[in-house]
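Heads up, there are several structures right after this.
Both of the next two complexes hold chain A, though its partner changes from chain B to chain C.
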Partner chain A sequence: MVMRRLLRLADRIQLLIVLVILVLPIAWTFLSAFKPRTEVAAFPPRLFFTPTLENFVELFGRNDFLHNTLNSLIVACGSTLLGLALGAPATFAISWHRMSWPATATLFARMAPGTLFLLPWLLMFSAAGLVGSHLVLILTHAVITLPVVIWVLLPYFDGVPRELVESAQIDGARQDQILTRVVFPVVMPGIVVASILSFVFSWNYFLFALVLSGIETKTAIVASFNFIGEGVTNWGALMAAAVVIALPPLILTLLIQRRLVGGLAAGAVKG
Partner chain B sequence: MARARLSSSFHWMAAPAVIFAAGMIVFPFGYAIWLSLSDVALGADPRFIGLGNFARLLADEEFWNGLRLTLFLYVVSLSLQLVLGTWLGLLLARSRSAQGLVRTIMVSPFMLPPVVVGMMAIVILDPSFGIANWLLEQAGLPPGLWLSDPDTVMLTIAALDTWQWTPFVALIVMGGYLSLPQDVFEAAEIDGANGWWRFRRVTLPLLAPTLITAAVLRSVDILRFFDIIYLTTQGGPGTASTTLNILAYRRGFEFFDLGYASAIMVTLSAIVFGSVLVFTRLRRAVTW
Partner chain C sequence: MKRRSFNGSALAAAALAATGRRAFAQGQAFNWRAHDGQTVNLMFNNHPWSQAMRELAGDFTALTGIRARMEIFNEEQFRARLTTLMQGRSSDLDAYMTLTSREGAIFHRAGWYADLAPMLADRALTAPDYNYEDFGASIREASTFGRQVVAVPINQEGPLFYWRKDVFERLGIAEPRTLEDLLTAAETIKAREPSQGVWAARGIRSVVPYALAGFVFNMGGSFALPDGKPGLAQPNTVRGLELYAKLLRDYGPPGALNHTFTQVTELLGQGRIAMTHESSNEFANITRFPNRAQDLGVKVLPPGRESGISKPVAIGWTIAISAHSRRQQAAWLFLQWATSRDVQGKLVRAGVAPPRASVFEGPEFNAWASEMPIRRAWANALIELGRTGTGVYQTPTDRIPEARDLIGGVIQQIVQGRATPLDAARAADTELAKLQ
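Coming up: the complex of A and B.
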């Protein structure tokens, strides 16, 4: 009995240590963002300070970071919508006809290194004069979101009773109506999870926008990468940028925590 | 009439996605392979040279360096994440505590953009003002140069990825463990098997398929690891962190050596697909 209680205590202590290791770097970053500019890089590090918003004022005032954040939003929303528009009907067809090759094909896209596609895309989209546009970023990020949508939605579509679709057919519903009025409402929870994961994946993605964005379409992530390259780094503004970029994924995933790991691991089980 | 409609096909609904995939994935993939077989200089017509780029690869010191670093990162990161993830996942399953705040803390690292993890690392691990060295100093330990030292840069990068993704592996392991028939563990306990034996002979074999799933997911990401390296060191100091993916990027987008860069990327892709294939085989072997 005593042994058991000791073991449980040991478990608690181990877990506590892990949680501290996970939280501290994030907490330190958030804390640093609210420090006066001169104290961010102070040594020894200051734990106590007068919190200020001057780093955010600097970030949004002197730099064009608001514009960059808007670009990130446009690209993430656009690629999520495109992923859903392409992926949701496709997943229904895949599920209904029990096709297996499309899922494998999208898994391939999820596994290939992004750099592999990037050179051909650069050549293709340069020829089309699209490099630097929002459209090219939305299209390329949809390559990230589409597999997410398909793999997350597939189990939900598989769970739709076939009779539901068949009785709608007997009632004379058109195929597109069956999809939008009969099937979609049933799989709505899956569509929410797929949308949030797609948004986060697209928001977090760095490589494609690094090469294919222009001055006007630079995303928040690419812009903050450029801060670092500017020689004298403004550490305060950099931490503020980290906070601005980190918040949307952290908040959004709070909503779907329970399904998060399943969603991320989707596809790997069968593949 | 109804019969005819019932047998109707929904295949057309997949058409837009198939067309998109053909244009954005299949065609560029073929294009990349063709580029890897060509000599491409900007402004001149590409010339087919067969396996010439791959021959150059074999003679290139930087390619071998990149391959070595990629495999080093792969082995170190993957083993650390699987071992720590299994330990943490079983810990979570035992204490049934992955709820509320604990779960929020567990998912936060891997939901952060890798770029943000890189930004955090730059400030926290800065050799002169970073809090990491200050903490080491307080503990009476020597400070580290972390990302600025060619000897420690890859280990530091592996540690960053491990920090970010171990919780993910742990949550997968926890889910896998909790879905197992628990009476097996009780039976083993009643039989008087000690902890380590139970883990080796009962828990681990039952968890093997789950662990392989986690390994597949992490393999793909670690082998093509890019964001944190490019943000923090851009492959440096020197070429001490120029993994294959970084090397391919620099050759392609900084030197515009398109054919050669494509050859590196095709090679890297082959390594990724190869490792996934191995793990898929392995999963078949351990599935019970």
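Coming up: the complex of A and C.
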């Protein structure tokens, strides 16, 4: 009995330690966003302070951060949709024909450092007159979203009974009907998970937008770095930017967290 | 209501244009509107100058009719984007900030700078009152390679010694007059007031030389031998390296080797350290913290006790036109306007030290400096930087960033106790020789 209580206490202590490590930086960032810029790095940190919105005024008033956030939204949604449009049918084919090499090839593209692509892309897209457009960012971010879609969806497609597809074929369904009316509804939880993960990875990706975006298409993550500089560092505005950037992925994750956990575990054990 | 607001804006724009034209009255014959309707794309490092430029850009458009589109990035990202665009020979970029003392030789060899000399010499392209000679000779030389003028100066800066006068007074420590006094003061503060942090300075290897060089020079050392070969192992240079490392190791904050100006400025601003050697650019940022404008002292790093030498680092950012730009003449108008006497006078209030002698000695700058004793001290320190400073603080090489990285690595090794100052310096000399 005592042993069981001790174990339960140990569990709680472990959970508390993990919570502190995970939550403390987020709480610190959130609180700092509402502190005057000279108090952000005060030591010891002040838990009780008069909150101010001056950092958000700096963010949205003096800087065009709302526009940057909209750019991020366009790029993340666009590249997620592109990743799904290309990745979902491709994954079905990979799964159906049991070919692993196309999936591995996309993984190699994802594992390669982003700098490898930058200069060729810059030359290529400059020649096409696309540098600085949303389209170039959506296309390049597909390098991030496509492997995510394929590798997340693969166990879901593997789990679709072949008989289900064969029955639809016997019933006379066309290939596109089989995919959209039979297979996709079955793998919908996977599509949701793949969409969220693709969105988050694209939303947070920095390098391609740094070089290939233009003044009008700069994303929020790139713009947030502008608050650091010799003689002009503004921690308060940076913390406010971090809060704004963290919000969409956080909200999305909270909305579908049950499905996300289930989805991530899908295919882990095959029976 | 909308109409009234529009009229108000129009009136304001007209007034602004009139003011701009008046300011350039001397150059009335000069056609500022030769490229009316064009747009120039500019890329700047995040710096007090570029932030101030953003506020003033409307004046430029009112004067010339040219729209200035500015991109401002943190220095690391700025360099990453700039070099990629230039390697890609992008014609999208028209003008950019550049630290010619650092990357000038490499950029010049790569052909990334447009030559400004023909534009400066052309009366149709350069306003008669521009007065390029108003920039000091050494400042102009730093941006001249052979006969090519690659950039025009926008500021001057260098590391300065900041100290908490109130802490020194409280503990009965005299203002440091020599470099060695810094160590004595550090020992006293640590012994008498253990709760007060003592010292902080740059510890990240690539940025260490900027703050370190004054220690080396003032000790009578140098980064090169008389024949130009690497000379970190010279006795006086080693003494400078040792003192910088000792202050960082024995009196610096935890994690000092991961610090750069961002951490150092916060520590000083928060009152958590009593001394530092940090950029003059940080002055406006530091004095924004409560009480710092009243209790800080600022001056160039004191001279070495035995050597009597005071040789600070003095550099300046410049602005260049891209060799690949298709709007070079419109960009040249921006450069002229941004580095004009009138605009530099306005930038003083943003904490940008002007590189033009006439502005530095002018009534606006003096009036601003006279408002607070610390501003006067900062201004005096900058005058001294301009008089005695050097922009060369590594062994002779074109591969300056790599050389500075190696020199910074010496400090890291000493602080971590991985090598004695002499051994670390000798090892670095071998590596530095490979860059020559």
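FYI, the second predicted complex is superposed on the first by the 227 of 271 C-alpha atoms of A that agree within 3 Å, B and C clash if a C-alpha of one lies under 4 Å from a C-alpha of the other, contacts with A are read in each partner's own complex, and residues count from 1 in each chain.
One rule holds in what follows: contacts are C-beta pairs under 8 Å (C-beta built on N, C-alpha and C of every residue); 3 or more make two chains touch, one makes a residue touch a chain.
As the structure is a computational prediction, the values presented were derived from the model and not from experiment.
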In the overlay, answer first, second, both or neither for which of chain B and chain C A:A240 touches. neither
A:L119 in the overlay: touching chain B, chain C, both, or neither? Say first, second, both or neither. both
Mind telling me which of the two, chain B or chain C, contacts the most residues of chain A? B
Could you look at A:I215 and tell me whether it touches chain B, chain C, both or neither (first, second, both, neither)? second
Where does A:D11 make contact in the superposed view: on chain B (first), on chain C (second), on both, or on neither? first
Counting only touches as set out at the top, which of chain B and chain C does A:Q257 meet: first, second, both, neither? first
In the superposed arrangement, which partner chain does A:V131 touch: chain B (first), chain C (second), both, or neither? second
Return first, second, both or neither, reflecting whether A:V148 touches chain B, chain C, both chains, or no partner chain. neither
Should A:T38 be classified as contacting the first partner (chain B), the second (chain C), both, or neither? second
Could you tell me if A:N226 is touching chain B, chain C, both of them or neither one (first, second, both, neither)? second
In the superposed view, which residues of chain A touch chain B and also chain C? 41-43, 118-119, 122-123, 210-211, 225, 228, 235
Listed in rising order, chain C residues that touch chain A in their complex are 41, 45-48, 51, 69-75, 77, 80-81, 84-85, 87-88, 90, 92, 261-262, 265-266, 269-270, 272, 279, 281-285, 288-290, 351
Which residues, counting only chain A, touch chain C once they are in their complex? 37-38, 41-43, 118-119, 122-123, 126, 131-132, 210-211, 214-215, 218, 222, 225-233, 235
Chain A partner, complex, touching residues on chain B are 2, 5-6, 8-14, 16-18, 20-21, 24-25, 27-29, 31-32, 35, 88, 91-92, 94-95, 97, 102-116, 119-120, 122-124, 126, 128-129, 131, 134, 163, 167-168, 171-172, 175, 213-214, 216-217, 220, 223-224, 226-227, 230-231, 245, 248-249, 252-253, 258, 261-262, 265-266, 268-269, 272-273, 276, 280
If you look only at chain A, which of its residues touch chain B in the complex? 8, 11-12, 14-15, 18-19, 21-23, 25-26, 28-29, 32, 40-45, 85-87, 89-90, 92-94, 96-97, 99, 102, 105-106, 108-124, 139-140, 142-143, 146, 150, 166, 169-170, 172, 175, 179, 200, 203-207, 210-211, 221, 224-225, 228, 235, 238-239, 241-242, 245-246, 249-250, 253-254, 257, 260-262, 264-265, 268-269, 271
